[in-house]
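Starting off with a structure, shown below.
The chains carry the letters A, B and C, assigned in the order they are written, with residues numbered from 1 in each.
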Amino acid sequence: METIAKSIWKRLPLSSNYAVAYAARDSDVDEIAAYPITPQTTVVEKLSEFIANGELLAEMVHVESEHSAMSASIGASAAGARAFTATSSQGLELMHELLHIASGMRLPIVMSVAARALSAPLSIWGDYSDVMNTRDTSWITIIASSAQEVYDSIVQAYRIAESVMLPVMVAYDGFMMSHTYEPVFVSEKAGLFRDYIPRKGRVVLDTKKPVTMGAVANPDWYYETKYQQVKAMSDAYGLSVEADQTFSKLYGRGYGLVEEYNVDNSELVILTYGGIFGTVKQAVDEMREQGIPVGAARVRLFRPFPLNELRSLLLKSKAVAVLDRSFSNGLPVSGPLAVELKSMMNSYNINVPVYSYIVGLGQRTVTEADISKIASQALSSKVSNESIYWGVRE
Amino acid sequence: MPAGAVIMEPGNSAERFTGDWRTFKPVINQDKCTRCLRCWVFCPEPAISIVDRQYTSSSGRAWKNSVEINYDYCKGCGICVEECEPKAIDFIEEVK
Amino acid sequence: MSGKPFFRTIFDVPHEEYFSPGHGLCAGCTAGTIAKLLLKVAGPNTIVVNATGCVEVSTTTYPYTSWNVPWLHVAFENTAAAASGVESAIIALKKKGIMDPSTKVNVIALAGDGGTYDIGLQALSGMLERGHRVMYVLYDNEAYMNTGIQRSGSTPEFAWTTTTPVGSQWKGKMQQKKPIAEIVSAHGTPYVATSNPNNFTDMMNKFKKGLETEGPSFVHVLQPCTTGWKFDPRYGIEISRLATETAMWINWENDHGEFRVTVTVPRRRHVRNYLRMQGRFSHLTEQEVNEIQDSVNKKVENINRLVGKTVIGPLVE
């Protein structure tokens, strides 16, 4: 890997937002339609710079809203362009209708999401309420936990999207990642990913072969069209593994679909997603030093849900504490990952205690001490069956 | 079935006949028809075409082309009847 | 950009058809006439982006399409944005050599009044301001027809719709029609025009000019709707003609700042002739008809003043 690194990579200090911009540049995108929103904004600023100074040959559509950002992305993708967009929070909500349309029309759009809380009350700070609200939109969803992974995942996203013909969202923590600098290897030479994400022929709006895209489907056709999407999402599972493994082989970095950390011989696994995983790993290190047998894991691919990886994780787990930075109000267990994990376990007759913790909403600080306290509470098994809103003032 | 309900065959709605919508049927009197093409230009389906059929009218006028209605598609709206200035189109009740 | 019109008589209308029959538009729907003639002007090197509405649902019921050119529908309110994306994609792919740079593709956005005056106005404004080379064709049937004749910002004053019914308190719509083409013109859009299907050569010339415009163009076409306006389907073109003859509708163009009335009306007919043919106005009192006449008179006065001569003549019947 060192030799690869020397020849083709340039190491730069980048925020995850900038990592996204570099990745879109290095993926040779053709069209970018985006609208500013904190904390996504610097993605589009950087991409504008790349186009302005000739580092990227692409059309920037300065749309007047996120609704139009996704609409223009759909139009561009339908016309055969490699389309990219980026958003957060209210912007993602404003796009919502079109997220379903992008996936329903089977367009390989890639979007980055700097995950942020939702109004009201207005909060510009990070959590995953926006991303979790898109769970039913048929978008393949990757949640990264480092700037390097963000960069690599955007490139992988195009490979997955253009193979399975579903759009891909790459999410990461608003602020904690979007605005924090980390060293990132970016491509030193143009066209590094040309063979990894080759330009493939697909059905597009072509005057030489006119097609109708976005037709009306009556009850005799709608269901089948949707079922094709189900199949595609299921194919996306294997393709996500393949994209990651091939990337790792070619470029020396891979992530898997579920990342495990010190899971062996643990009494409890702390399962989460996104940048908080860094804090969780540190807390695990400290607890391990004190002889407390805990491990950690994070879900990197949220859609399609990484069944096999989670099943194998659960085989090694005596109990799981799930940390969710989002909640689905009105359910006893309201953390989205906890709910989905439990539903999966039920289907596969896996019986491991799962404790659901809601943390870090609207960027409420979560420290290693918090994680350790959560772990000891979970290890004591004196935990409610319902989600615990960790640290909330009542 | 192509992904995303894309329709690959352009203009294939022509496989669907809408002639059975008709309750009145426009019938061109080729003798009165001046080949002005107004019916052709306005027909919303379109169900009227200009065809290569010569016609010599009773007054001896020789036409190189004729205007014809395709009853597979004509919905019997009557726009052609209304817009035909020489009143060359009869509108007769459809008997089924 | 002025000079001789391209389509002078009916014999200049191309014979090629790119709009196929078998669609589900109502019998006598003049939107069919408009779409058909639009494609005759645009020809095969065209991509149509269509808003949700009558034309979209009636012409593309899977697995059948009436379109012989590439066609895209995304949603109701975003046609201008989706068309912007299509146009940008073509520019990018040409610059990158992925698409032959010499190919010329017309990008047409086609939307109803609801999708333009109301829910689509923001996307339209954005597209105009950014200057995409897209011809936006608004087919105006003055209500949300696809959902069953609800009022829109385009519905004229006093018109009955299902959401502006006629009762003891309400007498149809109580507000005026929004001046959409003027709003578009105010964006500095290089080519803006109004037309109607009765004046088909005028309409087709405007489509042609719109497509030749470097940058955005907007063609606003009146589209009489048999179902929503409540008239016998045979009268769609007749009503379109009466709209011009009464000056309820004026065919004009703003061609790079040069304003012209393209269909002059030497002798103007009373609006009664237009209104009385339509069930949606059947409840109008003589006083209300006269109110409409008064507002048309004012509009005509303004237009004549703007042009500097009498292009729309005096009321004669």
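Please note the rule applied: a residue touches a chain if its C-beta (ideal position, glycine included) is under 8 Å from a C-beta of that chain, and two chains touch if they have at least 3 such contacts.
As the structure is a computational prediction, the values presented were derived from the model and not from experiment.
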item	value
Contact-richer chain pair (by C-beta pairs counted) among A-B and A-C	A-C
Centroid comparison with chain B (C-alpha atoms), farthest chain	A
Chain centre separation (chain B, chain C; CA means) in Å	25
Between chain A and chain B, centroid-to-centroid distance (C-alpha), Å	56
Mean-CA-position distance for chain C and chain A (Å)	43
Residues of chain B whose C-beta touches two or more other chains	5, 7, 10
Numbers and ranges of chain C residues touching at least 2 other chains	60, 62-63, 65, 67-69
Contacts with two or more other chains, residues of chain A listed in rising order	105, 210-213, 215, 217, 221, 225
In the complex, chain B residues that touch chain A	1-8, 10
Interfacial residue positions of chain B with respect to chain C in the complex	5, 7, 9-18, 21-22, 36-38, 41-47, 50, 70, 72-73, 75-79, 81-83
Residues of chain A touching chain B in the complex	104-107, 165, 203, 210-213, 215, 217, 221, 224-225, 228, 232
Footprint of chain C on chain A - complex, ascending	30-31, 33, 57-59, 61-65, 67-69, 71-81, 83, 97-98, 101, 105, 199, 205-207, 210-218, 221, 225
List of chain C residues in touch with chain B within their complex	10-11, 13, 15, 17-25, 27-33, 36-37, 59-60, 62-69, 197, 200, 226, 232-238
